[in-house]
Amino acid sequence: MQPEPFRDIAHVGSVELFTPVPERTRDFFVDLMAMKEVHRQGDSIYVHAWDDYESYTVKITGRDRAGVGRTFLRAASPQALRRRVEAIEAAGLGSGWSEDEFGLGPVFLFADPDGHDMGVYYETERYVAPDEHRPSLKNQASRFPGRGANIRRLDHVNYLAADVAAAGEFMTGVLGARPTERIVNDDGSPAAVWFSVCNKSYDLVYTSDWLGARGRLHHAAFATDTREDILRAADVFLEAGIHIETGPHKHAIQQTFFLYVWEPGGNRIELCNAGARLILAPDWEVVTWTQAERAKGQAWGLKTIETFHTHGTPVIE
Amino acid sequence: MQPEPFRDIAHVGSVELFTPVPERTRDFFVDLMAMKEVHRQGDSIYVHAWDDYESYTVKITGRDRAGVGRTFLRAASPQALRRRVEAIEAAGLGSGWSEDEFGLGPVFLFADPDGHDMGVYYETERYVAPDEHRPSLKNQASRFPGRGANIRRLDHVNYLAADVAAAGEFMTGVLGARPTERIVNDDGSPAAVWFSVCNKSYDLVYTSDWLGARGRLHHAAFATDTREDILRAADVFLEAGIHIETGPHKHAIQQTFFLYVWEPGGNRIELCNAGARLILAPDWEVVTWTQAERAKGQAWGLKTIETFHTHGTPVIE
Amino acid sequence: MQPEPFRDIAHVGSVELFTPVPERTRDFFVDLMAMKEVHRQGDSIYVHAWDDYESYTVKITGRDRAGVGRTFLRAASPQALRRRVEAIEAAGLGSGWSEDEFGLGPVFLFADPDGHDMGVYYETERYVAPDEHRPSLKNQASRFPGRGANIRRLDHVNYLAADVAAAGEFMTGVLGARPTERIVNDDGSPAAVWFSVCNKSYDLVYTSDWLGARGRLHHAAFATDTREDILRAADVFLEAGIHIETGPHKHAIQQTFFLYVWEPGGNRIELCNAGARLILAPDWEVVTWTQAERAKGQAWGLKTIETFHTHGTPVIE
Amino acid sequence: MQPEPFRDIAHVGSVELFTPVPERTRDFFVDLMAMKEVHRQGDSIYVHAWDDYESYTVKITGRDRAGVGRTFLRAASPQALRRRVEAIEAAGLGSGWSEDEFGLGPVFLFADPDGHDMGVYYETERYVAPDEHRPSLKNQASRFPGRGANIRRLDHVNYLAADVAAAGEFMTGVLGARPTERIVNDDGSPAAVWFSVCNKSYDLVYTSDWLGARGRLHHAAFATDTREDILRAADVFLEAGIHIETGPHKHAIQQTFFLYVWEPGGNRIELCNAGARLILAPDWEVVTWTQAERAKGQAWGLKTIETFHTHGTPVIE
C-alpha cells in the first residue's frame, strides 16, 4: 500500500504584489477588478475580492520594481500547520514566525527553492463587511459588486523559476501539492508544472524562467463566475487603456478560459474561468504535454503571443 | 487543540436511479443531458457524463417505482477507505463487501440511518473513451458533446429523510462530511442540511420528508459549465416535452443557479451551476437559515413552487 | 396588388417617465442601469444609455404620481415626418408643434386614442461624448460602462389601454406599425398587441387595462447585450434593495428573456434580451395567442405573477 | 430637402455556396451548425436554420471549386420588387426572370458589377416544420436544436471584389443599401464597405480582393443568440476537426463577436453575435476607419491573422 497522501495546505490565501505605482495598481484592483480597499499599512494597500472569506485578497506593496512578494498559504488545521512547519524546517527553507501580518495569526515564513517568499498559517481573521458592503445573502462575504471584472476570488499564482524540477519537488514533497498537468521538454526536464492543493485543478504553477532568473512572477490569476464576465472585462479594460496582452481564449492546458492584462505596475494579471471543471480524483494522473504539443497553441488555435514567453516581473534588462 | 478533521471521502462517484421506464430515463440522460450509454447489465443501464474520469456517472435501474438506489462514494485513499469501513461497521450500518459492481473495485455496502443505500470504494476503473468519443484535448475524459444540457459531471444528491438530525450525525461523525448550510426549524431541529466532502459547497443533502417516510429522493443534480448551458437546456426540455418544475433561477441557499425537471421515470433532476463559488475555508462556519428566511423564496424573489415540497420519489399515495 | 406598406417611423427615440421621487429614479437609471445624466431642465432629468446615438434615452420628470409621460418617435425622413403629421392631424389627434424639446428638432405632439402622449420628429441632436465618456471604439456612442445592468438602449414601451382595438387601429392605420404578436380574448377582442416599427419584433405594446383606465403604463423596457447581463443585474438589484417583481425567465410571447423590477418611483421596468431574433419578413403574419394559451404561463413554465395583472402606473386606488 | 431614401430590399434571404465536397459541406451545416436538410435538387442540397421563416437558408451546390453562388435578396413588397428590377435593368446588370427556384416565387436574376450572382424576389414559401421539428412555441419557425453552433439565421455575406467602389455604388444607387462602416485606403479608395439593408448593422460587405480577382467570397456569416453559443461552438469545431481560423474575439469594426472556420469545402464561415446592437438611425453616418486604424487589429488586441488576407474562394493559385 502506498503511503497515504496528505492534504495539509487548504488553499492559497492571498498574494503580495510589488509595484512601482501602488496607487495606480490599487485603482486597477478597485476600479476594474471590483475589489475593495480594506487596509493600509506601511507601504502596503490591502484589497478584498467580494467573496473572499478572509480579510484581504491582494497585498499591494510599493517597491521600485514590479514582482511578486509573499504568497500566503492557509493550512488545513493547526495540526497540519505544525506538520508543514516541521517539514519546511527540515528542508532548511524556513525563516521563522511572523506575528504581525495584517489579518492573519502567526505566519511561518519561508521561501521555495527558487526564492519566492511564502508563508503558511492557520489562524485568520474573517472578513466582516461594513454596513455599506453587507450582502443581501448571508452566505457570501460581501456585497456583489456587479461591475468591471467582478472578481470573486484569487485563483492561482504562476511563478517563473530557474529550476522548475527543484521547485516541484518542494511542492510535492514538502507542501503536499499534487501536480495535475505539466509540460516536459524533449530532454525530460519539466518546462512547467501545475500544482493543486485542493479540488481546483491548480493553485500554484512553476514555469521555467527563460532568463534563468530566480524568484520572478509570470502572473497572478483571479476567478470570475462566468466566461461572460471575462468578455465584459475585456471591454472594460479596453476603455480604461489597460494593456490586453492576449485572450479571451481557452488554454489547451487546464482548459481555462483566460484573459491576460498587465496592471499599471507591470505585473501580468490573468482573469480565469474553469466552468465546472474540478479535480475530484484523489489519485489524478498528471497530464503531460510535450514541447511539440505546446507549440500548437491554445485550445481553439490561438498562437501563444511572444510576450507570454518574454515578459516576467521584475523585468530584467 | 481541536481533534483534527478528516477528509476520507474524496467525492460522490455515481448514483443509481430507479425508474419504471428505464429506456425513457436512459434517453433523457443520453439525448437531453448529453451523456453516453456505456454498459448494460441485468436491469441496469450505465451512462457517462463527458468529463467524468470514472467509468460511469448514473446507473439507471428498472424498478416498479422511481427513487434513488445506491449512492457510491469514492474514498480518498486505501487507508481512508479502511478507516471509513471501520467507522461504518462500528455504527452498525454496514452490510459487507460487494466485489462485482460495474466499473468499481471492492465496494463496502451500507445504508445511512434513514435507509438510503450507499457504498464506499477506492479502486475504480478510469473511463477510456472509444475512438469515436476520444477528445481532442487529452485532459478531459471524452469528447465534448456540445448538445442539450451538456452535463459535465454529477454534482450532488439531495435525500428526503424522516430524521434529518440522525442522518446528519452519521454524515459528520461517521463519514466526515462538513455541514456548510442548513435550515433550522423554529423548534431548533434541522429542516435541511447541506454537506460537503470536498471543496464543492455541497455533495449530499438531507431534507426533512414531509410524509415522515424513509429512504426517498428529493433530487439528483448535475453540473453544467455555465448558466447559459442551463438556459439553453430549458429550451431543449421545452421542445422535448419534459416537465420543467421550476427555474431557471438562483437559490438563496448555496446560491446555486438551478433548473428542476422531472425525468420520464418521475425523479426530480436538477441542473446546477455554482460559478466560481467553492468552500476553501477548512473551518467554514455553517450558515443557518430560519424558517422565516426560507419562506422568502429564492434569491431573486421566486416563490418556491408547491410541488417542491410535495413531490419525492418514490411517490407515496 | 396590395397597397404598399409604409415604414415612416424609424424607431422609438426616448420615453418620459413620471415619478414622485425623481432623484431616486435618476439614481436607479444612473447607478443600476448604467446610464449617464446628461441634462436637467425644469422638473426633468435626462439620462443617456451608453450606445444611444441620440442625446438622451429617458426623460425623468417629477410628478406627484408615477406613470408614463411623452413617448418620442423618430420619423424615417423629413418626408415621412410630413406624411405622419398629416395622418395624425386627419385622425384629429394632433396638438401642434413643439420647438423646445431638449435634444430634438421640431416635435409634432399628439396622443394615441387612449390618451398616451406622443411626439414625432426627424431632426435630432447626436450624442457627443465628453472626454471622460469618449469610447475607445468610434462606432459606439459613449464609453462602455461595464457595470450594473449595463443597458445598451431603450427597447420598447408597453402601455395599458382601455380600448386596445382602437389603439391598435391607430398604430397600424396612422403610424404604420405592424402587429407581430397578439393575445385575443375568447370574444375575439384583443387583450394585448405587440407592434413593430422596425426589425425589432416589437417597439410599442398595448395591453388591456384591467381597470378600464386610460393612459397608463405597464412597463418601459431596456435592452442588454446578453442574458448574462440580466442575470448579473438581478444580483445588483437584490443588493440595492430594488423590488424584483418576476424573472429572470423567458416569455412565451415574443420569446424575450426578461427581468421585471419596480424603479423607486413605482414604474415597472423591464430588462430584456432578444438574442438574434428579428422580424425580417416584410409580410410577417401576426402570431395569435388565445387566453388559454396565455394562461399556461411563460416559456419555461413560470406562472405569471399576480401583480403583473394588477400593477400599472399611475396606481389607481 | 434630400430625396427620400428607399428601403426596397427587406433582407438577405439565402445564399448559395459552391463546394467540391457537397456531402461533407452538408454535414458541416447539419451536424455542427444545427441546420436541417430540407431538399435536394440537381447538384444542390438545401439546408434550413431553425428560425428562418423561409424554406431554406443555404443552398449547397456541388462544383469543382469552392466559392459563392447566387445570393437571394427579398424585396420589401411587390412594388419594391418592380422598382428594383427596373433599376437593375437600367444599370444593365439584369439577366431575366427565373421561375423555378426552390422555395421562391419569380426571381429576377442579376449580378453585381464584380460578377457575384444575385437574385431578387418577393414571393416566398414559408417554412412549415414537419411534425418531428414542430416547435413548442408557435412564434418560431422550427424546433430549437440546442446543439452545436445552434445557428438561428443567416447574417451576412462578405464578398471579395476587384473594384469595391463600383460594387458600392451599385449597392447604394441601385439596391438602396446604406453603408454603415468602411475602411478607406490612404489614397481615398475604399478597402472595404459594410452595407445594411435593414436594422442589422450590415448584410452585405465588399472587401478589396488582394489578387484583383472578381466574384470571389471572403465569407458567409451566421448568427447565434449568444456569445456563449460561439464559445461552445469553438469546442464543437475542435472536436470535429474543423479548421478554426481565428477567434473567438470581437471585431473593432462593427463590434461583432466572431469565430471564423473553414467548412470542409474550403469556404470561410463566420459565426457572429451582435448583442443588442442595431442601426436604428435612419440617417446613420458611415463610420470610416483608416488603414492605420485597421492595422491595430481587433477590439481586444488580437492581430488579424495572415490567412484572413490571403484566403478567399475559389482559391486562386
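First chain written, first letter: the chains are A, B, C and D, and each begins at residue 1.
Basically, contacts are C-beta pairs under 8 Å (C-beta built on N, C-alpha and C of every residue); 3 or more make two chains touch, one makes a residue touch a chain.
Because the structure is predicted, anything quoted here is derived from the model rather than measured.
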Which of C-D and B-C has more C-beta contact pairs: C-D
Which listed pair, A-B, A-D or A-C, duplicates the contacts of B-D in over half of its pairs: A-C
Chain copies touching (chain A, chain B) - same or different residues, decided at half shared: same
Rounded Å distance between chain B and chain C, as computed from the means of their C-alpha atoms: 44
Inter-chain centre distance, chain C versus chain D - centres from mean C-alpha coordinates, in Å: 31
Contacts with 2+ other chains: residues of chain B: 137, 226-228, 235, 238, 299
Footprint of chain A on chain D - complex, ascending: 227-228, 231, 234-235, 237-238, 244-250, 257, 259, 299-302
Residue numbers on chain A that touch chain C, as the complex places them: 135-137, 143-144, 146-148, 150, 226, 228-229, 232-233, 235-236, 238-239, 241
Complex contact set, residues of chain B against chain A: 1-2, 4-5, 7, 10-11, 51, 53, 74-80, 137-140, 152-153, 155, 181, 198-200, 223-228, 252-255, 273-278, 280-282, 284, 287, 299
